[in-house]
């Protein structure tokens, strides 16, 4: 392997980074990383330093020859990079806490990726990610941007619309679903295959195969019997047998926000009262994680990180980087352009789909028609996502209203407007595109 | 005009019929009707007799040579008919009352065409309408079926999927919207043109033209200023200026159920307490109408009928019949197959669209892409409609659940199941397709 | 009628202009033309003067108050125009003669709109029309461009791709087909309706209706029995009964070049030997026409003009202008964007279709799926047209080769290359986009 | 491997069979074949016996436990088969000779798969293959039908339209193209990947990758420099550098019939005079092959078979069977339904595309838009194929005429009719669907 790779991790000070590092270490034989840049912003300086030191210890332990850098200058990191990985959280956990609380005030699901919470996050994230893309266009036009930044669907959609950067959006939900099926059967996950269809956090397992045989019915039965399939960050409400039988497909954990809306809302309200928002819980978790990370004897990813909700992150991320670099022709479930894969969505929108990963990029397996039972929901959510991209770029108040109204979780104009006004008020410094003078006619 | 037409009105005992008769009388010069059959079922026998007598008086007064017949044998009426008009209400107003009450019990909009109420109505109507279609296929294969029976979108969709009958679905909403614009401006409605896009009771006026000039912005302003655009049967909540500005199109009155969901629900609950369901109000109205109709001196449509909510009915219905018969090449807003008119819906689904009406049928004006702001909602509602057709034909419990869940007004699986179970229990005799033995595995 | 119209005719010195003038005179009551600009280029100065004088005499005779201007400055004519009509022939009849001769040299149909002849004409025309469009964008952005310039399909396609000008492409073939049907039946053409489908000079009459009744079979019978349907400029070879029966639709006269390829080629070769190319015949015709036009006593369109091949021109052109101006909502057969009218072609390509004409533009009647029997040919020709636009704009030699190869009349790469090289050599001064230095790698 | 497979080879007496047997032997470890049925018809009895004996010797030599049967009763072979492989030639080489000679008589390419020759072959093959499908539906509904029978595109299209049998159409062209690229570079073919797009015998290599890097330009250069890429049965005319540069993709050998039409026609005529039709040459080759096969000492596929034109057959066929059986998730280039893989063809047509092969079937990689330069030709040929299927099923003379006219190689109606009449006359006993009484109105 003559080539030596430069990797830039934007949001390098994230508590997730050790898992990413572990991923690179695990695949050192197939991924000749030469330099690894951890980038963060001024307010994340301290965390960046902690992660930087931990990373150095982790790598030192392995004896690998990888140079690690930390920087607040993202352009330095991006310049000539082969892969840029984005795992940023604009506004930090404080902003997330608002994303979760504002909708609840109006009786609407408050979640950081789905519904109005994810909408607020998208509005904050779009300008920043667009800036990163412009830097990549200028400084590393051949680089691949692997985007984990949520809401992945909307962010990847935005990149495809407003940048020429080569990008793949990635999430740990599909791989978690595969691993959960493997766990139920106590088999290796390589024996499980799922025909995924849908969007990020709105993805269905149309068919589940074990060793090539259709095992969908059996897996659904297991799901109902409490062989739960969930993620750390979503309340583990059991699926109803009747619902799963009617759906006939494997839902993803986030589908609870749509199909168990009332129950999830109730849970959220209760949880908020009892232990604060999820963001607030995570803040505490992060605090203790970073305390752990500072331990000068720690030279591996601590087990506690898995509590954080990002399991299989390293598998998903670094294995994708490796599949690209090594032209593996492996199947990954990724967020890429539809390009006619399903005629039920426009050709130019992003969907989450199985795709073959090559050095030249991802080639989607043709999804065909969406199942009639979920077509409408997928189309509605995709319309919401596209409108959110447009609102996030333009800062147009009316587009933002129509985006929120297009989200199935938002019940009425009045609620949409109240939530939007709260979001704008609470995020002033992160939403330059929505500055007052740009929206004189916002019906105020 | 050598040809003499046979018209069959299924549901001839309806209180709406006098308006239809008025329509035929008004157009007697262009529509050479020879025989007019009024058909009803056993339980409607008495009303049929009243309408039959009134019809005879109305025609006698004009001196027209139209033979009027009444019958309980629908096949006699359909045989060799040129036009069959269906205006039936399976289960009558009593069933409608249940359609309106059941959803409210679970905090969901209870309306007879939109949401779970319309869903119940569709399940009852589909088997009956399919039977009528089979009769037409056998006895009058060249006849046109003009369908007013609600929910028009779903019923017309069903006919296209399960019958070869030539049909056009019709509703008075588009013509009401045109007439309301005309009223605001105090001009003749022929000077108003609207580019309609969407589905029945989910149709938008994309552009409004007056004398060929785009007047959309001005009309929307008028709408907001309370120059209300509504129908007798929908609570006249004013549209919010901010919403109309964000939408940028003319909504139809039924859109209130989606965009003003909370407010409409509140109104419905309040109205139910104060004056009973809309069905119950209509029952009283009908009673007094039929009392009026029995007056042997009455020989014209009484003004009171307009209170009933079916204004412009005659314009829409008979003018469509005349446009077909006379190959007029006029624009009507009708429910017909998409056939690629908009690539954002499948080719084989029914949409409400402007179309040229010829003797050979309706030719849609190509709608092009749906506006991004309403695309998701239209697609979601269409998916609900298609699933409802399939549930209504098959009586499959799971399909029915997924249909309800696909309706944006239904918030969760639990609610969907509760409502569905109530609907089935309350409509046993009208839902043979849902008989218990067919659905052993309904998760009970 | 308060508004007074300014009309600019680019190519005003054309021998066709008197018919256009006649059209405006005939519709003076509905079209309040105030000023009429006839524009031509330096080399057409003399003809322009003749037409200008004739036009003035024609108008003077009617007593209408229309100011007529002639100019070589097209920007003066375009400024603030309401309608711009283009009827230019870049390179004149001399270039047309080459278009007809070059392909014949290689055993390929030589025709000025279809095949390589039309291709050469398109390459010459595209830069000029694009220039006109840029002037309209700058000087009369609200003007309608009515384009008659051949090949209409390609030119209109180009305008939609490279300009924002509002345009409709028009041809006299569809109206000729309607008039010919009317002639066969000896009825008024208003009683004939044809469902047109396809592209310009590649349009089929899918169904023919007389007084609303499907008369297709009968009309096809008439067609076969020699009740010929042709145009002055296409050799009147009879259609074979077997072919018409297999096609089951009304072909347009230009379809002979595809379905009777051998016979038409033979005819062309024979005609070339006997009387020179069609261009050369037309030159003589034009000469005598212009002699006629100079007669100071002539104050109407001379009958001889009909020999020229442009019958129904005035009907098609001025009646379209009037339909737009008066928001008539009439059906015209025009060249406009597909926009999903048929899913068998891309949404963004131009097709020839029935459309409703309003002041706000043309709204296509949804064409639905193309008939399977002609779908492939229509798609192949459309692909050729799109490639020709791209070649005509870019001057890319390879694109030009692939465009020619995509034309079903071109049998092989060798022939395509020979013809292309001849076309470029013979049209040097009209093809700046193909200048040598731009195409160093053209395989020479 | 507990399961033991039953394989039925329809057309088992073909000279190709030894390669197939070799394929099964090579993969014995992964494909547990228990019984192998060789089926042929009465007239092929003698050849079947020879192949049967050779097969037994080949297997005996390996010591594998595979039971070989021969039968004239195809239902016996199909019953409970796991895989049915069809490699039949209805009418034998004699019919092929006619397919090649008839078109040449009218100056049209005479080739057994492309153009009117392939059309005749399709008409003969469709009824027989349909019969086989009906047998599979009844006797082995879970079996996979691997179809090699030419024209593969049309035959596979027919099966998808008129049968429920699970089928994949296969051809050795794509694998030959991959192997030829490998040969040019002297590398293992596993390092070559081609993005195929198009139809069978009309497939393009859009991009060629070597070790994941785009090597298209270099490979095209090699192709032009005579590093020929051809098949034994197609005259090895060199591609022109200019053409390849304009095309910018890897053509398949059969593209010569379209892009080098004149030259190929000339070659065919010359070859016919000098050595008879290709069929006649193959007859001699076959004769000597079968002489070889009879040698009781021969117990392996003789090298001479490769001269026959079917190289890589075994790789393509048995490796596909193994990929299905073993749920390999490998990429194969196969003929399957479009299902929206490219929006430029209908969803329900067959195309040749890269697909992942699983036990549950083939999943196409989404092809996206067809390259503009070849879109028209692919669409035209697909339209021809669909019409041919319809003609082959219905025996409708008019549909057959329109099918031939839709083929880009057929220049005119007259030629189409002459060829069709000759085909019908020469194939009477193979075309029951075209019997006279079914087509009284064929324009004779």
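For the reader, a short list of remarks on this structure follows.
Order of writing sets the chain letters: A, B, C and D. Residues in each chain are counted from 1.
One rule holds for everything that comes next: a residue touches a chain if its C-beta (ideal position, glycine included) is under 8 Å from a C-beta of that chain, and two chains touch if they have at least 3 such contacts.
What you are looking at is a predicted structure, and each value in this text was computed from that prediction instead of being measured.
Touching chain C and chain D at once is no chain at all.
Ranking all chains by how far their C-alpha centres lie from the centre of chain C, first place goes to A.
Chain centres here are Cα averages; for chain B and chain C they lie 45 Å apart. In whole angstrom, the spacing between the mean C-alpha positions of chain B and chain D is 54.
The residues of chain A never reach two or more other chains; the list is empty. By the touch rule above, chain D contacts chain C in their complex via residues 240-243, 245-248, 259-263, 344, 346, 372-373, 375-377, 379-384, 386-387, 390, 397-399, 401-402, 405-406, 408, 411-415, 417, 441-444. Residue ranges on chain B touching chain C, taken from their complex, read 193, 195, 207, 209, 211-214, 326-327, 329, 331, 339-343, 347, 354, 356, 358-360, 363-369.
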